[in-house]
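Note that chain A is present in both complexes that follow, paired respectively with chain B and with chain C.
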Partner chain A sequence: MTTQMTRVRPAAPPERRRRARTRTANVAGVGRPGFLWAAPATLFFAAFAVVPLLMVVVLSFMSWDGIGDPEFTGLDNWRRVLDDPVMIKSIWLSLLLTGLGVAIQTPLSILLGVWAAGNQKNRAVLSAIYFVPLLLSATAVAVVWGALLDPNFGVPAEATWLFGDGNLYGEQASAIGVLAFVSTWQFTPFHTLIYQGAARAVPPVLYQAAEVDGAGRYRQFFHITLPQLRNAMITSMILMVVGGLTTFETVLILTQGGPGTDTTISAYYMYERAFRSFDYGAGAAIALVLVLAATLISLVMVRLSGYDKMRSTTEGL
Partner chain B sequence: MKTRRRMPRILAGGVALGLALTLAGCGDDGGSASGENEFTVLVYGDATNEVEKKLVAEFNKTSEVKARLDTIPGADYQQKLQTIISTPQAPDVFFHWGGGSIKPFVDADLLLPLDDFVKKDPGLKDNFLPSVFDASVVDGKAYGIPMRGTQPVLLFHNKKVLDEAGVQPPETWDDLLAAVEELKDAGVTPIALGGGDMWPTQMWFQYLYDRIAGPELFQQALDGDKEAWESEDSRKALGMIRELVDAGAFGDTYDSVKFTNNGSAQLVASGKAGFELMGSWYYSTQQSLNEEFAAEDLGYSAFPAVDGGKGDPANLAGNTNNYYSVMKKAEHPEAIAEFLKLMYSDTFVKDQLSIGNLPTTTNTADFLDQAASPEYSTYQYDLVAEAPHFQLSWDQAYPQSAATDMHKAVQQFFNGGLDADGFISAMQALPTS
Partner chain C sequence: MRRRPNHLAGAGSLVWLFLIGLPLYVMVSATLKSQSEFAQDGPLALPDDFTLDNYTGAFDTGFGRYFLNTLLVTVCVVGIVLLLVPPLSYAIVRSRGRVTTGVFRLFLLGLAIPLQAVIVPMFYLISEAGLYDNLVGVILPTAAFCLPVSALILSGTMRDISRELFEAMAMDGATPRRVFFQLVLPLSRGGLSTIVVFSALQAWNGFLFPLVLTQSDSSKVITLGLYNFKTERGIDAPGLLAAVVLSMIPVLLVYLFARRALVQGLMGVGGK
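Presenting the complex of A and B:
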């Protein structure tokens, strides 16, 4: 909507634009039956997101093992979850894995994306190959890497100079490394796609002007491409954070939260409490903690990055 | 409209009929997991399924009400079962491990007591070994019919590897420690362990505790006496496990190896490891992976004795048997009763034996010579028949809600994440009822 706005009034100063936004519906001058159009999506969202979320809130105050009737136990689950050292640890682990994901995947996918946006001859073929992981299910990816990283019959057995004894899932650092690596392998193509699209949208006149001014390839990258990718970067990072906080199947298949509880991230811990220990109340409480944390982090990111009042990168052109 | 008028009547009628049938089909699915004249049988998914498939096919040849077999791959069985059991998708007949694992279902009044079946056909009880049949009796009522084989945990080995290192299957704990050194010198991992699964690690605890303290200590702990874990015997067992791990018996990578993806079994079959402690199903696992190895080089022995231990060296640990239980909501109890009778049929006993399982029917002894490996089956049969005590696996004996925390505790004690005190308090924190 904002882009549409800016197209209507490209040079509007910020204050005026904000005021204009409140009348967005009328800007285009087309009458739309607002609620009716939104109804199907709203109903769907309510039935499959809002209602279950409310039920989880109720469940978090109950004790239930999956059979029989749930009983109200007040704040008991919450007290247990917030006092649980594994829970606290799991939040830090979730943040660590998410942070690692952003830190590794962002530079990689920017470079790949900008490269793939060019018009080299081999580009189409190589890009197609790079995007293959995107087509595979997360479960399949985890299973394949699990087999490839087997200490006795996988790559580590052949490359001892790199993997040492190959006990990748037996130490916290290497287990976290494996998880970060596998999600990098799996999700970098997706973010590359975002950056590729964004890099293609950079107006060529900017580069032409820079060339006239004598800017080299690196200066062009740092002073034109990167600033132009700002909005894409924010989008991709928010997706990475949300995806990172809800990572689950990779942990389930590769480490099962082990060794001990050393890779038990919050999403997996929730599953473990609810579906392995049949303590659905505690599972619901953990799920809510996760929802709150993810919402908070997203809000902070949106605020800090100015995503909510995102400016067009083509302003003034 | 025009096209529709031209459409031949028959075709239109056919389409309408088809739609109606589809709708009817939907209605059925909404009500119950099984269709009309059908009941579902849910089984733990592993190599034994081929026998169950054959049995169901056999049953369906003559029965009007058909059985449908569903399997859930091993590691996820218990939580999937618990998730669906009180929903309309619940199976009519399902597999379990006996007593402790169905207690919550009995308490929730979901299961059909089988005493009426037994009254109509006493064979449903009399044809099974009493101790095994009784392990699925809850509150004085029978809830399960034994349906696979008894599965004691044995110490398996690769004969070739042991021969080359000059090692004999150990009879005592000291023999085992010596064998570990010899095998290390020979350049192989002495004992393969699927530590990534965690339950194989626990087998070492349940056997060693039984050998040192006898079955009483664990029973006390299970009855709620948390002091049991702090006893001298408990600390002695933990010290011996520590010694074995520190001696390098399991190599360095056991936490990255799993049994459920055949990783540990491959280690033994390929000669990279000497021993593996595993349930008797190990034979069929190896058979399905590598038939030649299972037939020629797979050796086995009982868990070694511990000098001065209170437990009888003839005691066993593992799964007493698996059972079929019937849901109260099942619509075809008569057909299910007929189906359950097959569990003591001669064909069933022979088929189980042919893949290395050991059924617990009274006529099992008659067919031992027809087993896949008569020697192996006879060996097991004698062990079970002579064992003064058969310890149900710890994670099955405790309530299901304790299993995850127990598994983490044994894993962390093995890899040094917990010391003896840490392990003891982790075990004390487990729910016992």
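Presenting the complex of A and C:
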């Protein structure tokens, strides 16, 4: 095709062509920042995030008690961590709590998000209240619920018909229930925000077309809204998985991993081993397991959903 | 087209309102009761004799100090983020070098690094640097972990600046510095306020770094103060909850006056 064009239209004189090219190059190059603009932030981030991340790998092969110098001990930490029944149990507990979080929070936040995406007046007021948990630190959330669910002075002590002896922390099932519930209370508003934004971005044309076709509210929800929320769903679920695996404050403040080690999830166990038993090498190994698990699960979710291909939800519109 | 009201959704939203509202009600009403009244009447009862002793008590137990420490940490973290992220995002959006593409990838990967992954080495590094139990040692890693999200948000904003404007300035022979200060910064105000609110929230509510990297009372931040209060005098629920209320007042103010920036800051991570 190019040869044809040159045959039909004679090429521009070489001199003029060259000038034209330099001018576009100028426009493209002038005013463009070089790498130096990114350097300070990159160095800072490397020093305080990338280097520590690499060091956690190194430290997982070393023994350190926090006082002397770390010493290489080869696979010793890994052997101890992987042989430790509490560690194995903590992985299952982490997965259970994360799974519960995704299973409870996803439907809840989709419904709330789609609801809040409407533009009636009362929704604006109500959603302003809904999002208050976002403003509290994880510590504050745990402290408030701790006071509310206190076995002696909290609600369970008054409503014994519902809570039995009132001590929700005495048994594994109820303790896990408390953790799942408090996480739901704390994080659902955030995911609601994600779904609200996504639901607002659904092209109204789709609903108008469905309405013309006589589709009711529920069919519209299942056949338009839900498929349109796919990308938001993946983002939100990945954040839930990473957040669930790294839940820490709630466990530290509400159950301290108890009763026994029945709510000792890996993120909490890592803290206990490193900063309470001063076994920093084992702590580093557990941290690495956590990172690998979170990355692996996120990658699998991205691949399975085809999100990496960035299929647009507005294709064909 | 007029739609029927959706009663099911309405009912569901009221249930959720109750679940969200109950703890908030208990939190505020408990702080207005004396400790003995709270223990006797339970958390759900309305306060009989209003008292503000719990709030003054919180200041007596050092929360004034913790408050100032947290404020210092927050201001410094926001300062660092504001200093580093705008040039970074500018380079990400406008530079054509391969290095900058790599840098952007690095920050995208950085989004996925959880704090827990690095606290053991961070403790080692900060101790080696002699910054243990020093607020500087809390500020630096906290700021670093605000960078990926902030960079993502701000480059999103800068990408929306129309290309014609850049080309017009380039025609005038403007240097990158002039483009940055005269075009990019003024047009990124929305994104800038979002990252300010985002990083301020991270710093204000941060817990893990202070927990692991500080020790003494003089370098305590507010979240750590709450945790200590709870473990040492958890019986005094009204006092504890008063401290919680105090800790969230600044955030509440931001929510009231900059709700858009706050909500967008949160959406920037997941909304795209």
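Going forward, the second predicted complex is superposed on the first by the 273 of 317 C-alpha atoms of A that agree within 3 Å, B and C clash if a C-alpha of one lies under 4 Å from a C-alpha of the other, contacts with A are read in each partner's own complex, and residues count from 1 in each chain.
We adopt the following convention: a residue touches a chain if its C-beta (ideal position, glycine included) is under 8 Å from a C-beta of that chain, and two chains touch if they have at least 3 such contacts.
Because the structure is a prediction, the values reported are computed rather than measured.
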{"item": "Which superposed partner A:L93 touches (first chain B, second chain C, both, neither)", "value": "neither"}
{"item": "Contacts of A:W145 with chain B and chain C, given as first, second, both or neither", "value": "second"}
{"item": "Chain B versus chain C as contact partner of A:L179, first or second or both or neither", "value": "neither"}
{"item": "Chain B versus chain C as contact partner of A:V81, first or second or both or neither", "value": "neither"}
{"item": "Which of chain B and chain C A:A232 touches, first, second, both or neither", "value": "second"}
{"item": "Contacts of A:F275 with chain B and chain C, given as first, second, both or neither", "value": "both"}
{"item": "Touching partner for A:G258 - first (chain B), second (chain C), both, neither", "value": "first"}
{"item": "Greater residue coverage of chain A in the superposed arrangement, chain B or chain C", "value": "C"}
{"item": "Which superposed partner A:L168 touches (first chain B, second chain C, both, neither)", "value": "first"}
{"item": "Residues of chain A at both interfaces, chain B in one complex, chain C in the other", "value": "66, 146-147, 150, 153, 275"}
{"item": "For the chain C and chain A complex, residues of the former touching the latter", "value": "1, 3-4, 6, 9, 12-13, 16-17, 19-24, 26-27, 30, 38-39, 42-44, 80, 83-85, 87-88, 90-92, 94-97, 99-100, 103, 106-107, 110, 112-125, 140-141, 143-145, 147-148, 151, 166-167, 169-171, 173-176, 178-180, 204-208, 212, 223, 226-227, 229-230, 234-235, 237, 240-241, 244, 247-248, 251-252, 255, 259, 263, 266-267, 269-272"}
{"item": "Residue ranges of chain A touching chain C (in the complex, touch as defined)", "value": "26-28, 30-35, 37-38, 40-42, 44-53, 55-56, 59, 64, 66, 70, 108, 111-112, 115, 126, 128-140, 143-148, 150, 153-155, 157-158, 185, 189-191, 193-194, 197-198, 211, 217, 232, 235-236, 239, 242, 245-246, 248-249, 252-253, 267, 270-271, 274-275, 280, 283-284, 287-288, 290-291, 294-295, 298"}
{"item": "Footprint of chain A on chain B - complex, ascending", "value": "79, 82-83, 85-86, 104-105, 107-108, 110, 195-196, 198, 252-257, 261, 263, 266-267, 272, 400-405, 408, 411-412, 415, 417-418"}
{"item": "Contact set on chain A toward chain B in their complex", "value": "65-68, 146-147, 149-153, 165-170, 256, 258-262, 272, 275-279"}
